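Both of the next two complexes hold subunit A, though its partner changes from subunit B to subunit C.
The block that comes next holds the complex of A and B.
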């Protein structure tokens, strides 16, 4: 039976609520739903939407990328900064080391980003020259 | 309630702004989900607004786009550059502003694209101001009725369908009937008569060879110094064709808002509607009549509403619009022509039949109209041309059925003879706009039957003889007449007398 297509935004809101409520079987349930409705291509987008929905409810999953590993003090400063700008109660940080960023740091939260890396600065200079 | 001191308030505001700026580090970003045909679909950016600018980072370049579709799960954006470099997964940033173009006198004499980038190989354009591409039209109280003439230099238009500053007069006709020629002559006339009107010519998807020819001609005539050309070719993306008239209007509005007068020529809005249709269909908006989207009327009405005559409080500047529409086989009842006819304050309809009969400009007296220009007509021309339109329309009607029989009464014969003379007189070669005194003298000569005995084929020669004679013998009077005031009886009698003597050499 063809199911009525539910928008990603509604799905994300629902599953974010379920995750925060501590229901454990949400992931297999969502996987089954996507399989059933032939929407496996949207997995990445739905993951992003769920992260964004969680962020709106005060749980931010952030990604911090830098050219070199960050010190504990810098990490704490990053978490404090993210709590301030996103008004989130809980910030979870994923750390990434990407040498091709050359220097600086890139913070990613759902739907927003702060790119203070040398790589981006160089790219902007190059684009401005064109 | 505690009183707030002004110094405290300004300090508080500054602090608040500083706080906002410190939070600026975090920018809204989305990601390109798919891209094709000049349209990118973006996931994320929930706070994007309609028409807001986006920056797509692809590899080491940045491609700009603007938002046109806001949907629940994604947004549709139209790319302003090449889509070749944009790929799914590219990062997209909100710029937080809508599209702006450089505006100001620095643009005069330049050829630019709809984003204000030079196309003429000249130096980069640095203006003091930027103008919003999409801007609300001036309200009712900011306007004044159209009352100053904008002389086109084309006798049949200035005499029968006068255009005023701030008016929107449509030029409509089939391909190759002289639509652009009328627009060019009007631009040339502004320079020759030193009216101070700034010309802004927008080529929407026009062949670039045609635009190049036009630029050469304008340079030759010395018109480029007071002209801005916004050019898009057929190979440009539809988004640029769509933006061209709005961007050019922003450039024209600068002069309007600074108490100057500008003339917009949109060449042509049919191609503009087609470009918008292409974008709308690619954005999957539902098609309507002729596959145009439902808001194609609003597309042109919001553009042409920006042309206005401003009130004295706002400086009294004006923006006149001459949009051009191309019809298919003379069908003015197609979708886009009827839309634009109903938006504008009149139309000049050019007929293929007249064009091939050698009547150029091929203006149809019956189907053309100027709804607001009457008040704006130069008094001098008005005083001699009141009967012209009716006479010419009746003649065309009579002439069509006079072909079938030769038994005509004297009155009809006379009317047909007069009509033929008038038609011949109103023929005008391209790039030769007539000044006010030339128009008044020519029309008056025919009105008072001074050329009644001149063969129809000799009318133009008789007219040339009259004008030469008047200019050599009565230069001072003609210069006075050229100021546009109503001529007195003495002057009219002088013209009549000179016309009769000039006609003598050309009688049968």
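The block that comes next holds the complex of A and C.
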């Protein structure tokens, strides 16, 4: 049975609502839909759109990357900071550990990014070459 | 002895012309012939001769006059030549002076040109040296940055543990607040 092609925006709005409603099983459903409609290459874009839709509803999904796993206190500080700058009611953290960042933290939220890693500072130092 | 005899004989006869051996008839004839000759000469030869002499004298005078004129002309020409020579010397001096001035001007122009060219070469060399120095400074700057960045990277990789990293993250959050 052929499925209708639904726009990314509509998909994002729908699945954002479903996630906020606590329906965890929508993720495999979305994956199945994308596979069926041959749109797997849009996974990144749709994920970003869902995050944007969640942000519009007061839920920010933040990617927090650091060289070492963050302690709870540090995570709390990061979440508090993100709530403050995004005015979000809820912040969901996707934690990534990337040793090549050397130290510091890189925060990504829909539409914004803050890179306070040591790797970034060294890159800025290298960029000062003439 | 015969001569003495002859004189004695003539004296004795009383005819002197005869005694002197002169024939007076022949003498008269000769006088007439001489007068005729004189008349003929005066009538035909002397005028021609005098005319010829006069013409000759006139020619001589004319030649003399021409020579004088030529001499005057020569003197005038000599004076003219002298004047021309004087003028030519003046002109030559003026030409030499002009040539000297032009040569001096040419030398000065060449010196100025050479000086300008030398200044340009020096300026170009200075500019090139400054460029080289700037390039060397850039290279040194970049190499220093690379060295510092690499060393910092290695030091941080070894020095930043989880505990230090938490402090770095907290500090970063504090800084952006």
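Just so we're on the same page, the second predicted complex is superposed on the first by the 112 of 130 C-alpha atoms of A that agree within 3 Å, B and C clash if a C-alpha of one lies under 4 Å from a C-alpha of the other, contacts with A are read in each partner's own complex, and residues count from 1 in each chain.
Here, contacts are C-beta pairs under 8 Å (C-beta built on N, C-alpha and C of every residue); 3 or more make two chains touch, one makes a residue touch a chain.
For clarity, every value in this text was computed on a predicted model and none was experimentally measured.
Peer 1: Overlay done on subunit A, so just call it for subunit B and subunit C: clash or fit.
Peer 2: Fit.
Peer 1: For A:126, using the defined touch cut-off, is the partner it touches subunit B, subunit C, both, or neither? Pick first, second, both or neither.
Peer 2: A:126 sits against subunit B and subunit C alike.
Peer 1: Figure out whether A:118 sits in contact with subunit B (first) or subunit C (second), or with both, or with neither.
Peer 2: second
Peer 1: Scan A:58 for contacts with subunit B and subunit C and give back first, second, both or neither.
Peer 2: Neither partner.
Peer 1: Go through the superposed model and pick first if A:9 touches only subunit B, second if only subunit C, both, or neither.
Peer 2: Once the two structures are laid over each other on A, A:9 reaches subunit B alone.
Peer 1: Considering only the touch criterion stated at the top, classify A:74 as touching first (subunit B), second (subunit C), both, or neither.
Peer 2: second
Peer 1: Nearest approach of subunit B to subunit C by C-alpha atoms in the superposition, in Å, rounded to an integer.
Peer 2: Superposed on chain A, the two chains' closest C-alpha atoms are separated by 5 Å.
Peer 1: Residue by residue on subunit A, keep only those touching subunit B in one complex and subunit C in the other, then list them.
Peer 2: After superposing on chain A, subunit A residues 114, 116, 126, 130 contact both subunit B and subunit C.
Peer 1: Along subunit A, where are the residues that touch subunit B in the complex?
Peer 2: Those in contact with subunit B are residues 7-9, 45, 48-49, 52, 85-86, 107-109, 111-116, 123-124, 126-127, 130.
Peer 1: Under the definition above, what is the set of subunit C residues touching subunit A in their complex?
Peer 2: 138, 141-142, 145-146, 148-149, 152-153, 156-157, 160-162, 164-166, 168-170, 172-173, 175-177
Peer 1: Could you please specify the touching residues of subunit A with respect to subunit C in the complex?
Peer 2: Answer in residue numbers: 66-71, 73-74, 77-78, 81, 84, 102-105, 114, 116, 118, 122, 125-126, 128-130.
Peer 1: Using the touch rule from the top, collect the residues of subunit B that touch subunit A in their complex.
Peer 2: 23, 25-31, 33, 43-46, 57, 60-62, 72-73, 91
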